[in-house]
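We call the chains A, B, C, D and E, going by the order they appear; numbering starts again at 1 in every chain.
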Amino acid sequence: ADVNVNIGYQPIVEPSRVPQADGTYEKVTGAKINWQKFDSGADVITAIASGSLDIGYVGSSPLAAAASREIPIETIFVVGLISEAEALAVKGIDKPEGLAGKKIATPFVSTAHYSLLTALKHWKVDPKSVEILNLRPPEIAAAWERGDIDGAYVWDPVLSQLKKTGTVLATSADVAAWGGPTFDAWIVSKKFAEEHPEIVTGFVQVTGKAYASYLANPDSWNATSPEAEKIAKLTGAKTEEVPALLKGYHFPSLEEQAGADLLGGGTAKAVAETSAFLLEQGKIPAVLSDYSPYVSSRWVVEAAKAGL
Amino acid sequence: MSVLSLQSVSLAFPVDRDISQTRLVLDGITLHLASDEFIAVIGRSGSGKTSLLNLAAGFLKPTSGRVSVDGVDIAGPGADRAVVFQDDALYPWLNARDNVAFPLKLRGIAKGERRLRADDLLAKVGLDNAGAKNIWELSGGMRQRVGIARALASDPRFLLLDEPLGALDALTRARLQQFLLKVWSDSKTGALLITHSIEEAMLLATRVVVLAPNPGRIVADIPASFGRQLLSGKSLQEIKDSPEYRRLHDGLTGLIHADAQEDAA
Amino acid sequence: MTIEVGIIAPTAPVEIQPDAGKPGRGRGTLPISLVTIAVIIAAWSLASVYGVVSPLFLPSPLIVLKAIYNVAVNGFVDSTLAQHTFASLLRIFAALAASIVIGIPAGLAIGTSRIGKGILDPIVEFLRPLPPLAYLPLIIIWIGIGEASKITVISLAMLPPIILSTAAGVKSAPADFVNAARSFGASRLQVLLYVILPSAIPSILTGTRIALGAGWSTLVAAELVAASRGLGFMIQSAAQFLVTDIVIAGIIVIAAIAFLLEILARLLERWFVPWAAHR
Amino acid sequence: MTIEVGIIAPTAPVEIQPDAGKPGRGRGTLPISLVTIAVIIAAWSLASVYGVVSPLFLPSPLIVLKAIYNVAVNGFVDSTLAQHTFASLLRIFAALAASIVIGIPAGLAIGTSRIGKGILDPIVEFLRPLPPLAYLPLIIIWIGIGEASKITVISLAMLPPIILSTAAGVKSAPADFVNAARSFGASRLQVLLYVILPSAIPSILTGTRIALGAGWSTLVAAELVAASRGLGFMIQSAAQFLVTDIVIAGIIVIAAIAFLLEILARLLERWFVPWAAHR
Amino acid sequence: MSVLSLQSVSLAFPVDRDISQTRLVLDGITLHLASDEFIAVIGRSGSGKTSLLNLAAGFLKPTSGRVSVDGVDIAGPGADRAVVFQDDALYPWLNARDNVAFPLKLRGIAKGERRLRADDLLAKVGLDNAGAKNIWELSGGMRQRVGIARALASDPRFLLLDEPLGALDALTRARLQQFLLKVWSDSKTGALLITHSIEEAMLLATRVVVLAPNPGRIVADIPASFGRQLLSGKSLQEIKDSPEYRRLHDGLTGLIHADAQEDAA
């Protein structure tokens, strides 16, 4: 009988939307896939923990939280390192010291929130001296428009909206360089990985292929391309914005994924550091001594072996 | 002196949900009530007595004809025409005293004064100690009396009473009849009394109006003077034994019966 | 209290008119409502023409109209407007059905029985103030991410008004009505079905109308979770990418449907409980 | 319909007891409610002891109790439980005040005047189904990110039940009550204040109770707007990091407060509208 | 034969909100109603007549004493004791016919049969064409008659009537008195009739009970046989002119007056 796979995705502009739209995953894995949209990593984690989802898309922050609570999951694919896609845009502030006493908004608990706090730490600006406000991206755009906030650490498309009238103080690429990388990843529930390893491999294979296709010729995924249209259709983004949105991430190839910087070791370290940071912020009650059980390079290696 | 007039008034109700069809309930009613008159309306159940009073009060608009006070068409209910309802219509959120004082409150009379006058009126209808009672703690007859006291409190030019003494025992009823008669003669308040008692109609009214049903219409309008006789000190027994009284009583009874026979035919 | 034929509406301006007693339901409020709506749309147009509010947040009526057309024809996030609407309507009605089936008996139990009240009161009082955004994770954990969880979220918003209004309706049933039935030999069940329930119906209808409003306003929250279709899902997807015209289009569609349902509810009320106006 | 002294409650089990006519309000429902709550807590304990649900998602009552203690003493996301509660209570009460001040006159206008109904009906019907999550950006554009916007979001949820119940209450005022007042010379305003308003009060109270529930359940959405304190904010922050004990603690605190307010509302009802039970 | 008994019954209401204080409304009432009896209760307004009926019906629990049918304590209202209410208590969501048919519906009688019987009863109370009418389209007297028809439909062992003819004109009232008398004698239904008309009490009852107020207590329980005389064909005038009638009438009037004097003292 057909295997049913429940996959939770987020409406984020990234290359795997294309095979999702094309039905390639179904073709390659031979499984019946049930795609479910989620708006935040926290909900994805909950759904996986409830057994409603097998594979899900989460950011590093919820991933760290989930691992710290010992939810049986495994990171199988690093979607992308967030680089220009998230940034701190400000109005009327030209240096980090100027942040003191200003109102900076960010969606709490997001990767952006993590990056903002990391950046402040790097700049040695006391977070308590900055008024950090919790707003969701659309509300950030509204508050910025009104002049209620002086800056925001947020992602596209709201970020590009802010850039029109503001300046960028730091991007997540900078923050990653300062030791606080943020990234999105695909995770799988351990139970499902044990029961259907071939499907997980197939999933990683198709995803990797999509990335490779994008990386081979990023410029061909322009505003009028069928790829952009498919992505727009699934996410709700405007087609003309898709190419720019794609550029906001650094998408690693399958080979890079297997390397020591990512699933081969770096990712587990990044999760551990994120967790330590969350603990420091009082957001989670405890951290684990070892996060490597929650990260596995097995799938990317097998997928790479299976060839593209 | 004021006059409340109904001129060639008719009233039709829609038949159930079919609003294109109507049923005539009152037809060609002409009636003038001067403020020194006491008109009693009698008639069979369903003949349109309450409807007639509702028109005079301004609760209903006539389908045709005019309702006016001193020649001015009425624009709905007004302080000149106080009503005692067939179903008491007392406010449950006010106690007996405050119900009676309600018309005074509307006129902005001070609290202490209101209380005094309300208690006085309550005493006059035989409810000396019921002022603080809640409406749901009153018996049916007590509620009717509170309703009468409330209407009197508004000090109207016309008093419209819909079977106000229906739920009272004979003694209380006789006392209140006396009381109404006195109020009417002292204050020159024109009274329109609906009653199902021919005796009551004759003893109180200066004119007895008989309503026949289907559609409601006036079949008799007969002057009476027994009330004045009563006021002038004549005894009840003496009045009831008089030949005029007997004659009128028989006449009115006959009128209502006649109408019933016609009904059966 | 409504304007009835031949009756001087107690609080309406009282003028005796030549056609006073004629059949007809009094002048309607529709023209005034249409004027009100026209004024609001005009104000909105002016606000966007003069750029009082950035078009990013308040696109002009024309743009919204275009967006509605566009979503209707080409769709948004993979489904057409009709599909989104249908998905949401199914959820709303399923939740409504569930809330009525659960809520009315619960309200009757609270209103009529000491034991029912004792058991259900704390449960209802606990459920009433719960914020859907807070219990969403728990719902997912307990009933997964399928339709059931969305319908549950909407039902949880609809239940309290229905239960409370039913219980309030029960309390407003005159004691004499119940006494009469019992003196004619009615069993407790008969009293419930033939006396208390009819007495409570006007109140239940008011509660249902309130519940429908609550249901719609919970729709976005319900469709935050793993929906792939639905007006709430559409609005949420559009909001994330600042596609405000679609957000407003979605809001307008919701308002329009809710409005139609409200009209239906009022017709039902007028038709099935005409006596409510004569108490 | 409530159990009154000496009256055989129409639907209560009817046993003639020796102390039947004695003063006293009948046996209360409190013991039954306490048993119900105890049963629920016991079931919850068992579920967590036997691991029916992962403790991550349903921590045991003890853990939740500890969480409450912990938040009360040490705080969570930079504020103590008292501070969160106080912030939310302020918002709820400000919104309640605003909704009452706006909603009751609006409901009276809809119920008593054709023009009022014509103008307000479409506005209310439009506001009723709006999902807070959809209109948050517009609220921010118009009234910023301060307290006012949070209070507005809560008020928007509270207004419809209050308006609808007020209008329904107006309609339930017997025509004779209004007629009586007018025949004693009451002006339209006096009819409104002295007759229609008191008649509508039981219904308004029911509406207010429904509104309070709606207000609490919108709290999380309202506190999505730049809050740094508040029970909704606390719950939301905890939910995102799967700190379920705090989420449940927050829910319990909300339920407890709402429960106290409900008891207060009922006392007010019993005290101020004793006649409602005698209609 | 059945007997409805009140034995040493008393009833107290709490005084307003102060539930620790009570007011005695009925005191030491003992009354037995056999199913071949017709008891009329008269007494001043507020003397406790409705309260007495509510106790017999099972709507109120006595503060002390027992209410029983054939020796078995009643457990609230029951199908053996049908009530006609002082305020009609008709269901507004049913039309006149369905109100009358309501007790039949409770017994599971088929729709067609219900309709026939209800229409028959309506005709008997003089409402031949009112079956399809809504309650709010009926006049006060029509509503009272629907209430009577409804109680009769339930075919009870005892009929408890609270001023059922209060809102009727003299003729309709006389007809309904005849009708009640006939129902009582034909069906052996014990009747407890509260009325404010001494005449009505005397003409219908086999026993007239007089209630004195504050607290309500039975001050007289007098047998009467005028109803049976009426049934056996004697004319009303003849009965009213008989010395027994006059004597009893004066006696009862005196009893109520006496109590009023005592009241004033």
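In this section, a residue touches a chain if its C-beta (ideal position, glycine included) is under 8 Å from a C-beta of that chain, and two chains touch if they have at least 3 such contacts.
Since we're looking at a predicted model, the values are computed, not measured.
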Shortest chain-hopping distance from chain A out to chain E: 2
Chain labels contacting chain A and also chain D: C
Chain pair with the greatest number of C-beta contact pairs: C-D
Distance-maximising chain from chain B - centres being C-alpha averages: A
Whole-Å gap separating chain C and chain D, where each centre is the average of the chain's CA atoms: 17
Interchain centroid distance [CA atoms averaged], chain D/chain E, Å: 46
Distance from the mean Cα position of chain B to that of chain A, given in whole angstrom: 83
Junction residues of chain C, two or more chains touched: 7, 54, 57, 136-137, 141-142, 174-175, 179, 182, 224, 236, 239, 274, 278-279
Contacts with 2+ other chains: residues of chain B: 13, 58-59, 76-77, 87, 134
Junction residues of chain A, two or more chains touched: 42, 46, 49-50, 138, 141-142, 145
Residue numbers on chain D that touch chain C, as the complex places them: 1-3, 7, 10-12, 26-27, 29-33, 35-37, 40, 53-54, 57-58, 111-115, 117-119, 121-123, 125-126, 128-135, 137-138, 141-142, 157, 160-161, 164-165, 168, 170-175, 178-179, 182, 188, 191-192, 196, 202-203, 206-207, 209-210, 212-221, 224, 232, 235-236, 239, 242, 244, 247, 250-251, 254-255, 257-259, 262, 276-279
Chain E residues within the chain B interface of the complex: 13, 16, 42-46, 49-50, 86-87, 126, 132-134, 137-142, 145, 162-163, 166-173, 196-198, 253, 256-257, 260
Residues on chain C engaged by chain A in the complex (per definition of touch): 54, 56-57, 76-78, 136-137, 140-142, 144-146, 224-228, 233, 236-243, 246
Interfacial residue positions of chain B with respect to chain D in the complex: 57-59, 76-79, 81-83, 85, 87, 89, 91-93, 102-103, 105-107, 134-136, 150-151, 153-154, 156, 160
Chain B partner contacts - residues on chain D that touch it in the complex: 174-177, 179-187, 190, 194-195, 198, 201, 273-275, 278-279
